[in-house]
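Next, two complexes with chain A in common: one pairs it with chain B, the other with chain C.
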Partner chain A sequence: MTTVEERPPTRAGAPAPATPAPAPRRRRAFTTRRGLVVAAFMLPAAIFVGVFIYYPMLAGSQMAFRHWNLSNLTDTSWIGLQNFATIFADPAFGVILGNSVLWVVASIVPQLVIGFALALWLRRKFRFRGLYQALIFFPWAISGFLIGILFRWMFNGEFGVVNDLLMKTGLIDQGIPWLAQPDTAMFAVIIANIWYGVTFFAIMILAALQSVPDELFEAAALDGAGKVRTLFQITIPYISTTLALTVLLRVIWIFNFPDIIWAMTGGGPANQTHIITTWMITFTQKGDYGVASALGLIVVGLLLVFSAFYLMALRGKKEVSS
Partner chain B sequence: MANGKVLTGLGIGLAATLAFSGCSGAADDGTVTLQMVESLTNPARTELLETLIDEFEQENPGIEVELVSPPTDQADQKIQQMLQSGTGVDVLEVRDLTVGPFSTNGWLADMGPEFEGWKGWDALTDNAKNVATAGGKTYFIPYGFYGISLFYRTDLVEEAGFDGAPVSWEDLLEQASAIQDPEANTYGYAFRGGKNGYSNAALVIEAYVADDLDLENAYRLQNGDSMFAAPEALDAMELYIDLFEQASPPSSVAWGYPEMVEGFSNGSTAFLLQDPEVIAAVEQSTSITADQWTTAPMLVGPSGTAIQPLATAGWGVAEASEHRAESAKLIQFLSEGDASIRFTEGNSLVPILNGADEAEFYKTGAWESYLTMNEQPETYITAVQPRGVAWWTEWADKADAELQQVLIGQLTTEELLASWDAYWTEKWAAE
Partner chain C sequence: MIVTETTPARIARIGFLGLWLVITIFPLYWIIVTSFKAPGDIFSYPLQYWPAEFSFENYVQLFEKADFGTYVVNSLVVSTAAATVATLISLLSAYVLARFEFRSKSAILMAFLVTQMIPTFIALGPLYLLMVDLGLVDDRFGLMLVYVAVCIPFCTIMLRGFFANIPDALEEAAMIDGCSRIGALFRVIVPVMKPGIVAAFIFNFVNCWNELFLSVTLMNKDENKTIPTALNGFITSFNIDWGSMSAAAVLTILPTMLLFAFASRYIVQGLTAGAVKG
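Up next, the complex of A and B:
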């Protein structure tokens, strides 16, 4: 499903097709009575959103500035930025921030590339296409935590199927303790996440591809464009808005997606596979909701900054190309 | 007309409120419904608990009990949330790990008045009485005790040329190293490097400093220092790291409870240190037969003694409960006579009742080692770890992460012990 308006690209230099100017919409006069009626209809929804979204958000945010530890709730005094100071002073924070970036970038690039390839393949008409689509999209229906548990056993150093396969194919002589070493553990959790997330890209891109008119491809073929040129000059520009929004959504989701890491390594060994959200879970488990809330605000801040820059960059790119 | 609608609405609202309020607490006929929440949930245990509750309800027609059984890994957090909200819990499972924070926050009732004159009190073992009355208040009555023993493979030990089970930590290292054969997928020791891995590291250190340990606070020496500062602690940790490097599966750096038990049950590891509830789990294994394994007493240190940490859990009453008398009645029912014996035997726990450990059940098979330990209290010394402190969860998290740092070579054993010593010294100083 795409929710964005998509327009076919125009050839550089070609005059824009003349489109009839839209008829001016009739605006109804705004009256106080009319405004009140509209407000009355919107009020239940506004109350619902306020109570169930904004109130918990604000209540959670103020915990970040208090001593809010379940081990002693008799003292929930205001401590300003102390929870943030605790986070920044922790030597693990730098590693965890780096891991968070690595987790997002190393997951999203292969997900995009493989998802795109799958979507292109699934767009073609062939026998049992529906069955293939169902099988490929199926993993998206499984819980991330379950995927994590599954991969934890697959990457088990002694009994896991990954080592077994590698040893049978002669690629390794002895089992690798994948989840016991920082580098291989990070690699393993990223592999699991790539496998899980590919289907989302495939779904989104396939939906966008199905909106590309066949005439464009036919015209490109007539002009003698090869597959690569068609891909980069027709397909990708046409669905670029969907791609951009999907990447933005996925960055936000993956950054906030602790399930797989939590189930596979719990953030270990020695905090080396923690991302910010898995680290946040450890604080909630310790009952330190103050620090956990502060971490939550840091995540929101980071994602807001990223989203702002990303959208600005996209807008700049669009203006340049137009 | 409008007033009529308003009145109708108010009437429906009132009826709904009354109907919902009837879902808990006292009903019109005087029946009291108690909400009971368990923490260490598993299906067989819940079934047994429900059977006992049915019997209690038959004996007490005016009381009904609704048992809530959250999944174990989320249970304590659920209980915390329920206690914090101030409603929904009458009787709850209290663990030695949770009694500190729960009582500090004023969530647990002191059951002293309700238990005054209770006829079952005299039947409790001294250990059970001590735990139940910690700090002069009765926050919970234990239902049993957890005690560590060494699960071992009799066949593998024999094949490796040894006469019997290891007695000391050094014996364990020797035997486990001899059995270790990664190519055959056979490993010596089911090392705990993941969640709660620090607990086994503490066991080996306690065995090495046993002669100087404060038995009321098994992280502290009699001279007031933390046990991590003792020179023997370094020897203990070095042996323990050798055990990991020479005699354990490499991936056990991430092993927690399920992996350890699975490793032993599926026949790939020869030794496992665990609580007795694992006896039931290993008995169900299809990979190893009953004659291939048993248990041995705790491993001793260089002085020939071992520390057996006393871990426990039990039943308590929420401070916000409006039915304390009925809740106390339920706990008393579960803590005496046949109900208590069935619960401890059904869950492989060390019993709370005097003489219950003399039952045939505790004298056979894997339970024999517990009998041996009970008969030799000078060798297997019972001590209380400071598990009730409010910062225990914080400690466990820190200790686990730092132990893993040692295992992957990011920290030395000296740095680890210095860090742990500084942590406890600082916490005790702030008390």
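Up next, the complex of A and C:
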């Protein structure tokens, strides 16, 4: 490589050299050098991600087809789809799948609506806006696990502040054991998740809103469009791509997000707040990595199918509207 | 905005923003208040919305009984080291991905994005075995290596967004003036990118500081636990000591809150530039 001759960089404005080097050779030298820079700069990241993320992920995927239990490591034989059969045969699976869908949908819809409203109103300048934003964005800096702990304490049946406030306002007569009964437990974990996730939508939508040119609103105002019409016919179409991608990413992320549930209920009572990923953790803790990995693959499969349909639907919609 | 606001709209806006602020702040307020109550007052009825007397008993217990100081040090060491290394490595990869065209570029970007979508739990078993082979189980250095790897994909995408906002001409000019590529990167671009780099570092730090499941898997001995792992231990024990738990929660939230207050503007910018995962 050291033999490759490189033209000394010319200062801006300096006259071009009289005899340029032969074109093909220069071009090859140029790309090799660039290739080396690319390789050298990418290498550390590639090694880390390859060794500590991709290798374990791929190794984990093949565990899904093996008998793989920490309690009996002498037998790690290939058992085909037996781990999947175990999962599908478990009566809990249907309930947990339903819970997962409920967890995603019931969390994401309010997050989107509240986040959108916040972003719309934060677009207007007002005093202390910076401080306000910093304050309402803070849940993002807390771990999901800790948020689970916070809400577990607030929803405590005996000394929980939620019960106390509801009784003070006269909405209920006596305390509700929120996390001890199935229906209210699911409700409570979803409330915690909504609280946590609104911030992300608010940030993303606010950023998208700031890219809408003011002229569009001016034109709409001149045409006599009301606020609601402006919102639905100008603002939302203009930022629809950001909205669609944010929703897609959040669906994937919330589906894979067991932390809050893990801290609040651990999946109980009686499996009623388990989603697939919290259920997966219980298998990991039992040392049954075969079944846990099979569950992981099921999650990946579900999300892939969902993403494909979602993106196809988006594209179809765009073609119709254009 | 151009449209003038009517009085009802104004009331609606202020009402909504005010209500959401209260909803956001309240859980934090409640855990702080609980942490300062005397152990007996936590379970007194009616609930005290302001402690009858301020007590540091919960905090004292935390450090005396639970060895919380060790967990704090472990978390600090691992998070700081991992965030620093990950930010440096991501800076290089983000630079290449933002400035160069090459064949495998979109494949690399896709590979990084995919890591954000697959549940990490699928990797836990093999990762544990890999760390056993490397002799890095129950080792802070080992956990740090894993955290670096976990941080890199998102950090790269985020920093790439920041690079996109800086004109090529800047480093080209530096290179024409005789800087090497590395020289141009570190002497010209990095100072301009400072907000982005700070945001990326904080983002990484917060992610490592809050990480639970990897450290639960890799750190078994009590003296090696990070804060989230220790909290997880508190919670699985049958009766939760809510006093100590509240104090621990406050101490866990505090550093990230301070960092966040310091740099929330840059982080918002970085999130929207990278736009993958909260």
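The working rule: the second predicted complex is superposed on the first by the 269 of 322 C-alpha atoms of A that agree within 3 Å, B and C clash if a C-alpha of one lies under 4 Å from a C-alpha of the other, contacts with A are read in each partner's own complex, and residues count from 1 in each chain.
What we mean here is this: a residue touches a chain if its C-beta (ideal position, glycine included) is under 8 Å from a C-beta of that chain, and two chains touch if they have at least 3 such contacts.
Because the structure is a prediction, the values reported are computed rather than measured.
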| item | value |
| --- | --- |
| Chain A as common anchor, with chain B and chain C clashing or fitting | clash |
| Partner chain(s) touched by A:Phe159 [first = chain B, second = chain C, both, neither] | both |
| Which superposed partner A:Thr277 touches (first chain B, second chain C, both, neither) | second |
| Of chain C and chain B, partner touching more chain A residues | C |
| Which superposed partner A:Ala141 touches (first chain B, second chain C, both, neither) | second |
| Partner chain in contact with A:Leu297 - chain B first, chain C second, else both or neither | second |
| Contacts of A:Gly60 with chain B and chain C, given as first, second, both or neither | second |
| Touched partner set for A:Ser71, first chain B, second chain C, both or neither | first |
| Partner chain(s) touched by A:Pro237 [first = chain B, second = chain C, both, neither] | neither |
| Contacts on chain A seen with chain B and repeated with chain C across the two complexes | 156, 158-159, 266, 284 |
| Contact footprint of chain A on chain C as seen in their complex | 1-3, 5, 13, 16-17, 20-21, 23-25, 27-28, 30-31, 34, 42-43, 45-47, 89-90, 92-93, 95-96, 100, 102, 108, 111-112, 115-119, 121-127, 130, 145-146, 148-150, 152-153, 156, 173, 175-178, 181, 206, 209-213, 217, 228, 231-232, 235-236, 242, 245-246, 249, 252-253, 256-257, 259-261, 264-265, 268, 271-272, 275-278 |
| Chain C-facing residues of chain A, complex | 9-12, 34-35, 37-38, 41-42, 44-46, 48-49, 51-57, 59-61, 63, 68, 114, 117-118, 121-124, 130, 132-147, 149-151, 153-154, 156, 158-159, 161, 164, 195, 197-200, 203-204, 206-207, 214, 217-218, 221, 227, 245-246, 249-250, 252-253, 256, 259, 263, 266, 277, 280-281, 284, 289, 292-293, 296-297, 299-300, 303 |
| Residues of chain B that touch chain A when the two form their complex | 77, 80, 84, 100-101, 104-106, 182-183, 185, 187, 193-195, 249-254, 256, 263, 266, 268, 390-391, 393-394, 397, 400-402, 404-405, 407-408, 410 |
| Touching residues on chain A, where the partner in the complex is chain B | 70-74, 92, 156-159, 174-175, 177-182, 185, 265-266, 268-272, 282, 284-288 |
